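In the two assemblies presented below, subunit A is common to both, partnered first by subunit B and then by subunit C.
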Partner chain A sequence: MMFNGVEIMTPILLAALGGLFAEMAGVLNIALEGLILIGAFTGILVAAATGSLAVGMVAAAVAGGVLAGLLAWVTSRLKANIFIAGLAVNLLAAGMIPFLSTWMFGTKGVLRFPDLPRMPRLLVGVHTGLPLLDDLLFGHSVTVYLAWLTAVIAAVLLYRTPFGLRLRATGARAESAVVSGVNAVRYRSIAIVVSGVAAGLAGSTISLRLGVYLPNISAGRGWIALVAIYLGYRTPLGIVIAALLFGLTDSLAGAAQGFLNIPGTILLGLPYAITVIAMIFYSALRSTKPRRRRRRIDAHF
Partner chain B sequence: MTYSRLNRHFTICIAVALLATTALPLAALGSRETPDDAQFRIAVFVPGVVEGSPTYEMLVAGVRRAAEERPGTEVRVIEGGFNQAQWPQSMTALAASGEHDLIVTSNPSMPEIADEVSQSFPNQRFLVLDGYLSGNPSVATVLFNQREQAFLSGYFAGLVSSSSMPNARPGARAGLLAGQEYPIMNRVIRPAFQLGLQSVEPSGQVDFRVLGNWFDAAAATELANSMIDTGADVILTIAGGGNQGVIAAARTKGAYVLWYDSSGYDEAAGIVIGSTLVRLDRAAHQRVLQAIDGTLEFGRGEVLGVADGFVDFDTEHRLFQRDVPEAVRNRLAAMIQRLRTSDLVLEMPTQF
Partner chain C sequence: MSEQPMTAPRRAAGTLVAVSAAILVTVILLAIGSPNPARALTSFFLGPFSNRFFFGNMIDTFGLLILVGLGVCAAFRAGVFNLGGEGQVYIAALTTAVVALSMPTAPAPIGILAATGAAVLVAALLAGLSGLFRWAWGTDELITSFLISAALVPTVNFLIVGPLRNPDSNLMTTVRVAEQFRFLRLLPPSTLNVSVGAAVLLAVLAHGFLFSTLRGYELRMTGLNREFARYGGVAVGAYTVLPMAVSGGFHGLAGAFFVLGTHHAAIEGFTAGLGWNGIAVALIGRNHPLLIIPAALVFAYLEAGSRVAGLQTEFTFELAAIIQAVIFFLITAEIVLPKLRRAHRERSAP
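Right, the complex of A and B next:
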């Protein structure tokens, strides 16, 4: 269960980490779903053409970045509303891919690439004697480790570099950042592009692992990634925990169908129910924090 | 040009794109295939989209073939899309237009919709495939015997599981992945699949899982992984696009996949080792010809199965011949023969 949960969380984690950059810069990027689709499509096409999964993943990241760059351009330069523009990107991806697919392959249905290399697995056969830890850490496809690594890089970039400081300043109070000499527009644009790169990469992890592209392959993972950002307290570590929570509950719901005598349709709601409960818990926690702080200040004086 | 004007232009572009997205499917209500002096007009209402769906491709192909054989017949294909809530409205609009002598459609939920629409438009005739309704003089239905179809799948799964094939594992635990739960799945397909499995291995168990949709292949992979991990060596997948995820899991973990409704061997050679068939194209062709000739009996629900030649198992495909041992093929052929000659009768329920 843990092993499958880690695999399930990977695209969500990657997209959410990218979305975190945009969120930190003060932009809620609702285009993650469309960017994942673009990444899934581009990644598998390029991987099939070159015979290299790595090249496919790079191409997916570039495609996501370019489309996100377009989003950044229309919102920063043309002052388009970010939600409308994000929605347009989602619609564009959903409409453009079937068009390209029909044009290139004569179908807007399933694209199969049977000769595609299989996604390599790392640390296979490594054991610590603790099954849960083994399932968490070892034997996963390379994309899982890429996602872990991305989380570390995101944490370092956001909290240990001047770039991260300026980015967070842009999101927290753009006017103050501008007064301090930070080009807020540029930082917001960079953050949106980073979110596109990560979402594109997330898409490629889905299609390359399956070896096929099919319509709606993202299956709402872009939206779940947005939830994971808030569920994870807008921190890389929190997002890792939120994505893992979602992956584990999803895996648990799937596995439970095999041994519990409860209709599968009911069990499928489990990840979402737990997400809602966690969100309520999170909101309650946040609302009590300022009150506690106020009480401490009152007690001090 | 100022940014605000550009912004306005951008907003207009978005609005046009949105309008185009919603209006185009309505505008693309199929192309007329014969001149306006057609003597018999048929509308094929596809509850979904044709491309990528073998079932609907067969439906359209069958109707078109019938139209070609009867000059003066016009066929329009209308794709209803995936929003099920829109289907009654679209069917009502079709019937209200009064332009069609016959509306042909296919889906278990469509008889009910046709029944409802016919209350307002009693002169409109409907032919619904893959569904059942009896007693409405405007509606003719054809239901395929999915009990036989699922039984054959289960029987074959049992044969494979107890064979010496490389991925077969002792224990006779077969998987069944459904896109969603629906009455025929729960009351017909699942029990019949188990019955077929237990006809070979009395202790055989079906590991039944639900995907929750018809497209999430990544989630289907994880469900199939879980099924294989708990002992399933053959998985029957009825999950639309999710089927691709089952193939990916079976390829990685070493298991077999069974296809449903259409021949699926070419989807993954050596992985997909069995396919049951529903001859929906043949049913559409024959019943539409009868409708054009005025011999189709409305108000009646038909059930067609293996003995009628409308439900079958694709045993002719070269990959089936190559990958499945002769002993397994022979035992399956014997079972199909029993169904064909009605030596074994598995009645399909019509009330759910």
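Right, the complex of A and C next:
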């Protein structure tokens, strides 16, 4: 269960770490779901065409980055509303993937790629004597370790570099950042692109591990990742823990399905239900502290 | 989103660009994707007017789009987001079917009122819950409304496909509601029914409420500047919870009309897209109840066109989602057409 949980947490972790950059820069990126979907589709297509998982993952990251770049462009240059434009990305993924899939493969259903190389595993057969710790640390897909490495890189970038300081300044108080000579718009755009790259990568880890592309393969992970950012108190380490908790719950739910006799259809809603309950509890516990800054919504947009 | 509200011509230009871009993208996709581009394009543009069936269905959709558009507008105007429309319409539709099926011999007014009332109530509670969390603990209503709705959709699917399924039908559908509850059809064999009149009437009433009553004024003020409204003595907390509930209520009404007027039963996934369409319509209509009427008409036409094009060519895909995506990308953008830009500069010159 622990082993599966760690595998399941990987795309959530990657997407949430990327989303953290956007969040830190003051942007709630609700497009993560669509960006993951695009990454999953692009990743497996390119990997199948080139025979290389690595190339597929790079392509997925580029696709996510480009689409997020488009989002950054319409919001910064054309001053579009970030939530509406973010929804556009999600809908674009939901609409374009079936179109491309039908165009290229004649079906908008399941795409199988039997010749795809298998995702390599690392540290297989290493033991410490503690089964739970072994399942947590050893024998996982390469992508699991990649995600952990990303968490370390994110922490260093955000807290130990001038870039991170300026990014956080943009999110904390854009006006002050601008006065100090920081180009807030550029930092916000960079943060959105970073979140797109990470979400694209996250998507490719889902499809490449399975070796198939399923319609709506992201299954709400983009939204879960958003909530994981809050639950992780907007820190990389916290996000690792939050993502692990989501991974464990998910793998627990999969196991529970067998002996609790819950219809599988209902369980499709479970990740969303757990996420929203976690989010409500979190905000209820935090509500004694000063409220999060209010998003400005212009009723005249 | 600008610091200053956009001027009317710039907003109109933005809307025009967004809708034109959506049509352009549709044309390109139909042209490259369809085995018979000419036929696909003809069906897209002229299909909705080719016969009573397609035309009536388009006008039926128009009525439903007004309702969901008003629902989205109610929240937007107060500065809150309801992203759960998809699920709210669907759950309300199921509620309507269940209530109507539970009283098959009731007289028409009682049955219709009970079914519609229950649907509105359920959807209003669902959306209102997000508003309540927002008010009590500051939980982002944008995310919770989406998640609550997404969590419940699979359960509705399960109920329609499982316990409530009509065993005599090949479709994944419930039993049809009793004859006396079905709304009068206006243009058979299409699904157009009298509910479209109610939708237009509600848009006019909403306009009156928003612009001619104190409560409407307070709601708009809260949406424009929450702190200022609070300073001015407006109970802004109420304008967090209530607009969300009203937003859900409109979505619930759309779900009820979808069952009693359009389909006479709840079918698996039959409301899919209606919630997102509501956002598109509200944005095209610039959150203005009266402008939502033409906006709904434009969107109903695009939707009908893509449906006819899908039916008459073998190539089917989620054209509706792509249309929504293009509109969402551009509708809130400040697009200044070259000519307008010049006019704008001249006007702002001293």
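Everything that follows uses one rule, which is that the second predicted complex is superposed on the first by the 255 of 301 C-alpha atoms of A that agree within 3 Å, B and C clash if a C-alpha of one lies under 4 Å from a C-alpha of the other, contacts with A are read in each partner's own complex, and residues count from 1 in each chain.
The definition used in the following text is that contacts are C-beta pairs under 8 Å (C-beta built on N, C-alpha and C of every residue); 3 or more make two chains touch, one makes a residue touch a chain.
Bear in mind that the values here come from a model prediction, so they are computed numbers and not experimental data.
*Asks:* Check the residue A:I280 against both partner chains and state whether it touches subunit B (first), subunit C (second), both, or neither.
*Replies:* second
*Asks:* Examine A:N29 and indicate which partner it touches, taking first as subunit B and second as subunit C; both and neither are also allowed.
*Replies:* After superposition on chain A, A:N29 lies in contact with neither partner.
*Asks:* Who does A:V74 touch here: subunit B (first), subunit C (second), both, or neither?
*Replies:* Touch status of A:V74: both partners.
*Asks:* Return first, second, both or neither, reflecting whether A:F83 touches subunit B, subunit C, both chains, or no partner chain.
*Replies:* Second partner only.
*Asks:* Once the shared chain is lined up, is A:S204 touching subunit B (first), subunit C (second), both, or neither of them?
*Replies:* The answer is neither, since A:S204 touches no partner chain.
*Asks:* When the two structures are overlaid on chain A, which partner does A:P263 contact: first (subunit B), second (subunit C), both, or neither?
*Replies:* Touch status of A:P263: both partners.
*Asks:* Taking the superposition on A as described, I'd like to know which of subunit B and subunit C A:V212 touches: first, second, both or neither.
*Replies:* first
*Asks:* By the touch definition at the top of the document, which applies to A:E7: first (subunit B), second (subunit C), both, or neither?
*Replies:* In the superposition, A:E7 contacts subunit B only.
*Asks:* A:P114 in the overlay: touching subunit B, subunit C, both, or neither? Say first, second, both or neither.
*Replies:* It touches subunit B, and subunit C stays clear.
*Asks:* Please report the subunit A residues shared by its interface with subunit B and its interface with subunit C.
*Replies:* 74, 78-81, 84-85, 87-88, 91-92, 95, 108, 263, 265, 268
*Asks:* If you look only at subunit B, which of its residues touch subunit A in the complex?
*Replies:* Against subunit A, subunit B makes touches at 3-4, 6-7, 10-11, 14, 17-18, 21, 51-53, 178, 180-181, 207-210, 212-213, 215-219, 221-223, 225-227, 230, 241, 244-245, 248, 251-252, 267-268.
*Asks:* Over in the complex, which subunit A residues touch subunit B? Could you list them?
*Replies:* 1, 4, 7-8, 11, 74, 77-81, 84-85, 87-88, 91-92, 95, 107-110, 112, 114, 118, 206, 209-212, 214-217, 219, 250-251, 254-255, 257-259, 263-265, 268
*Asks:* Across the complex, what residues on subunit C touch subunit A?
*Replies:* Against subunit A, subunit C makes touches at 1-2, 5-6, 11, 29, 32-33, 76-81, 83, 133, 136-140, 142-144, 146-148, 150-155, 157-158, 161-162, 220, 223-224, 226, 276, 279, 283, 286-287, 315-322, 324-335.
*Asks:* For a test of understanding, state which residues of subunit A touch subunit C in their complex under the given definition.
*Replies:* It comes out as residues 28, 30, 70, 74, 78-85, 87-89, 91-92, 94-96, 98-99, 102-103, 108, 220, 223, 226-227, 263, 265-270, 272-273, 275-276, 279-280, 283-284, 286-287, 291-292, 294, 296-301.
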